[in-house]
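Quick one: this structure, given as structure tokens, is what I'll be asking you about.
Chain IDs A, B, C and D follow the sequence of writing; residue 1 opens each chain.
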Amino acid sequence: MFKKVLVANRGEIAVRIIRACRELGLETVAVFSEADRQALHVRLADEAYLLGPAPSRESYLRADKIFEIIKKSGADALHPGYGFLAEREDFAQACHDDGIAFIGPKPSSIAAMGDKMTARETVRKAGVPVVPGTEDVGNMTDDELLAIAPKIGFPLLVKATAGGGGKGMREVRSLEEMPELLKSARREAESAFGDGNVYLEKLVEGARHIEIQVLADMHGNVIHLGERDCSIQRRHQKLVEEAPSPFMDEELRQRMGEMAVKAAQSVDYVNAGTIECLVDKDRNFYFLEMNTRLQVEHPVTEMVTGVDIVKEQIRVARGRPLQYKQEDIHFNGAAIECRINAEDPYNGFMPSTGKITHSLLPTGPGIRVDTGVYPGFEITPFYDPMISKLIVWGETRAQAILRMRRALEEYRIVGVRTNIPFHQTLMDSHRFMGGQYDTRFVEERFAINDTNDPELAEIAAALATLSAHQQTQRAAQFVQRNERDTSNWKWVGRWERMHR
Amino acid sequence: MRYVTKIDDQEFLVEILDEKHIRINDKILDVDFESVSGQPVYSLIIGGKSYEAYVSPDEDKWEILLRGRLYQAQVEDEREKRLRAAGSTGASESGEFHLRAPMPGLVVVIPVEEGQEVKKGQVLLILESMKMQNELKAPRDGVITRIKVRPGETVEQKQTLLSVG
Amino acid sequence: MFKKVLVANRGEIAVRIIRACRELGLETVAVFSEADRQALHVRLADEAYLLGPAPSRESYLRADKIFEIIKKSGADALHPGYGFLAEREDFAQACHDDGIAFIGPKPSSIAAMGDKMTARETVRKAGVPVVPGTEDVGNMTDDELLAIAPKIGFPLLVKATAGGGGKGMREVRSLEEMPELLKSARREAESAFGDGNVYLEKLVEGARHIEIQVLADMHGNVIHLGERDCSIQRRHQKLVEEAPSPFMDEELRQRMGEMAVKAAQSVDYVNAGTIECLVDKDRNFYFLEMNTRLQVEHPVTEMVTGVDIVKEQIRVARGRPLQYKQEDIHFNGAAIECRINAEDPYNGFMPSTGKITHSLLPTGPGIRVDTGVYPGFEITPFYDPMISKLIVWGETRAQAILRMRRALEEYRIVGVRTNIPFHQTLMDSHRFMGGQYDTRFVEERFAINDTNDPELAEIAAALATLSAHQQTQRAAQFVQRNERDTSNWKWVGRWERMHR
Amino acid sequence: MRYVTKIDDQEFLVEILDEKHIRINDKILDVDFESVSGQPVYSLIIGGKSYEAYVSPDEDKWEILLRGRLYQAQVEDEREKRLRAAGSTGASESGEFHLRAPMPGLVVVIPVEEGQEVKKGQVLLILESMKMQNELKAPRDGVITRIKVRPGETVEQKQTLLSVG
């Protein structure tokens, strides 16, 4: 039974894991890059060790350094979080070889699901439906892919076999544009995963992205915690997730739940994992991939089931049987998560960096904020732009949406631009409220709010004018004072005070 | 002090009467306008209604983020406006455009060349930052006059990358 | 059906109510004193109006001003929160007379329960057990009270008939000290409630303070939401509340629940209210008083029952029947609330004022923070020192305590002293963990942590030395630079920069 | 630089070796010491362990609030300590004590008079603030030498209320 957990990650998920460990009485070891000395996970952990310079390849991806720190700190378990080393079979294997409990699945399960092509084949053999696409396993050249593409039919998706999080993914509408898109997909995949291999999959249009959370222990028990609807995406990046899916009914939930358990069993799965599916208008579902790790969006499931997924991961990794049987899992109310990214929704969602000078978190009943940042912290260009997750729970989906609206309206982050206005517009949109959306909704049928509410425009005009006036007045005062008193040091003193 | 403030195509005549009163067009309203915690976040109580907004200057404009909407306002005092109206008659705004890096990052690809004609919305450069490949696009039609960086180069925020004439 | 709610309060409770209104689609009107222009409730409300200068008597207690603002704003409902005007029969009546929905009980119920002596008599007649004490109703002189006291027996409590929140309450151990204590109790009661009248009650020793939350609608439905244990008190001020009580069993809960419903019915009660009781070692319970309003500690009940008490208050005030029947109320897990006060636990819990320069809220699963303050806000001496409430939920009481510990450890408030270290010591105490406490625990058997952990003392020594060293170095640098460059303006510029 | 730091009755010999190393008594440790957000909150990573504490000067001491415990430390550099040891021999600390208002408030009652003897812990003054009546007590036995305020008076934070000799 391990006692000290190294958290091989950063940001909100490192904080989330440290909190779970602390609540279970386990010691925690944080690792950090030079850019993250003051990051929240470093501040909250019992121990903290420097990995290296800011870029991930020189810090959070340095497995060798992490093993050094494991030795130095005496950690006997490791939680990889998501991203970075979370889905590296060799890394998980190295943990096992060193007698370190890896809080995640077996290396063989990671391998089986990590290569997306192999995964498709494995679950297909277990009777799980998959999206039509390339069926051979192994690296394929551009020429091979270009030859197969017409057989699958357009539109299709180029996807990284080592993929995840939408990276290295491209939509292809015709054979002509395919060579260029293959190149950029491989480039992004290479940069994100160190593996430029890609495969093809039919693009299922009008589909929803629905995923099933599973939990499995070392004693053969596998349960599912229902679904999350993650169809609100932009450039294949999830932006909003909710549980339950407004599209779901009990019969489909049961069918998909059984499928997910079967898929997990097909790779002898242990710990928490997620089966991602596309669900078309006719409620046919297709396996997309399995994420063999904790997901960003796990809190929505926690809020409707009451299960603390991270604590359960840790218990399972300690060899304990699952605390719950399938029949213990009940769904209560509705939860929604908005990913708050440091990016400018009014400027093509361009990432925004800088120091957070001030923030005000929404709080109160039914609100949870998972964040790794705080006022004074600097958002650097080295990592993911997601700086926090705002999760709300309501007795009904309508109440959750209303609560999310008020929480978004309250949330202040000063110093970087955020996509909060995007979420506000989304929560106001009738299609979202009606649950009428698919994975193309944001890109094809949604625009950030720029309608001109005449009353608000007048207020905006007042705000701008008062600000401009204040600026003019200050400048005038400065000149006046300067005229009154020109002794050098007083002048400088005032100038300094004004520019603080 | 009288100002003319323009949002989109709408003009508001705003007069600062004293510290606690303004006139907007024909209405006189109580105002109470304060920065919160010394931040560019302002609390405005106007005619009893309470608003809070991010307000920041952006070159010659003011940006106001209010209730999830972004407004861009141009504020001129009346005298300035009269002077401008009397003087230059709507100078052309088609000068050279300089594409600057919106954030620090790594130049990945520059799919255009000097002298090339480009269309509005065409990708001019791909910049990697925060694990994302960000496409920087042409804000209008034009010709690439100068490219100042190369693929593989690391750039600072606001560094000029290339120019469109 | 009303549409615009004036919230006649400040601080966290005003924020709590504004949030509930917003989530129900109701407009909100805030009122504020000159000290509260930048308070969170003013920032979050749709409308906000100045009441007057900082002292409560000139602002939040000015019913006349509030009625002016009701007229000006067109508000058609009023939520009084707790304290201030919440339990003033005349104020509630004035609302009714003006056609304003008062979100609370009928004036007659407030009156019946507001005079604590009358309340005792009323519920006693309805068969509810009360603590032995003065039985006559009406103002009693000191001489009368001194004559009755020996018959009740010492120790006893002097209590304000208009009381609440421990104000105007004094413990009396002997007849000799009684005259002085009567004087100070009357003085405090006069200052807090504008009514110096007091009565006497036997002091039940070794008792727990357990209260039952009730909800009643206009259609004769009355239910209870179980108990809260509020025995952790200091100077009769509640500091920690929890639900369920570790002392409770199902049989006692049922008996007390029935009693609470009966007590509410005895005054024809509508809306949310709380029956406060003392429970002795032998599980005998005695009615203390009924609070005819929302309580500070309502969130712990919300977290274990899932009922949003404030929203339910509003629904009931709109004439709707209760959403829940008694059999719909289930208790899930355990919740604890710590009241975070701006006071110095190392200096006799002396109130602490000043500007909050920085804060970091604990967040993550199972955490709720209800607060009215934020970085940049000034804590003034005019109001209650409670600046926020930290509430946690856990699957079990043990998990809730562990979660509270980690949340308290994370919570940072810079600029004022807080009682967080008190709560940390409490959560570490074996007696609290074992549920072994009564209302005297904090004052008689508890001391703020000052044990000297040798490892931590060494760290403290390192921190102090490094801080002192840094200060010395800075001063030295300043002298050096000044020697290098004595031109006036640079000198001042540096000095200014250093003292920012 | 060598310091002698005293907490309660325990002395620690702390030597600042360089920016990243200190010696405490006989142990040499890696340190990384930074203020968080420019606040009097410090993050200290020492020998791999991560701590965070509020650190603030309080007259001639340092107060450190660490993991829910308050430590008071006296830091002297070795030279100072030697000088002090050589010089004055533990001067009496029984000078006049000035009771100051710990916060702004209203003086309600002063149950003592000038010239009166008081015991440690005896109530000297009741100050109303934040709706509470706060009892200010004598920190030691003594005699009231001077009372500077009256009941009903509003006082500022740190204002001297009375003195005990």
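In this text, a contact is a pair of C-beta atoms (placed from the backbone, for glycine too) under 8 Å apart; a residue touches a chain by one contact, two chains touch by 3 or more.
This is a predicted model, so every value here is computed, not measured.
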Separation of mean Cα positions, subunit D and subunit C [Å, integer]: 30
Gap in Å, rounded to a whole number, between the CA centres of subunit D and subunit B: 51
Computed distance of Cα centres, subunit C from subunit A, in Å: 38
Residues of subunit A whose C-beta touches two or more other chains: 44, 358, 374-376, 409
Contacts with two or more other chains, residues of subunit D listed in rising order: 37, 39, 49
Overall pattern in which the protein chains touch one another (line/ring/star/complete/other): other
Pairs of chains found to touch, sorted by chain label: A-B, A-C, A-D, B-C, C-D
List of subunit D residues in touch with subunit A within their complex: 32, 34, 36-39, 43, 45, 48-50, 52
Residue ranges of subunit D in contact with subunit C within the complex: 1, 3, 5, 7-8, 10, 12, 14, 16, 22, 24, 29, 31, 33, 37, 39-42, 44, 46, 49, 51, 53-55, 57, 62, 64-71, 73, 75, 77, 102-105, 108, 128-135, 137, 157
Sites on subunit C touched by subunit A in the complex: 15-16, 19-20, 22-25, 44, 299, 302, 306, 308, 332-333, 358, 360-361, 363-371, 374-376, 395, 399, 402-403, 405-406, 409-410, 488-489, 491-493, 496-497, 500
Touching residues on subunit A, where the partner in the complex is subunit B: 56, 167, 184, 187-188, 191-192, 342, 344, 346-348, 350-353, 357-358, 381-385, 408-409, 412, 414, 420-421, 424-425, 428, 449-454, 456-472
Subunit B contact footprint on subunit C (complex, rising order): 30, 37-38, 42-49, 72-73, 374-377
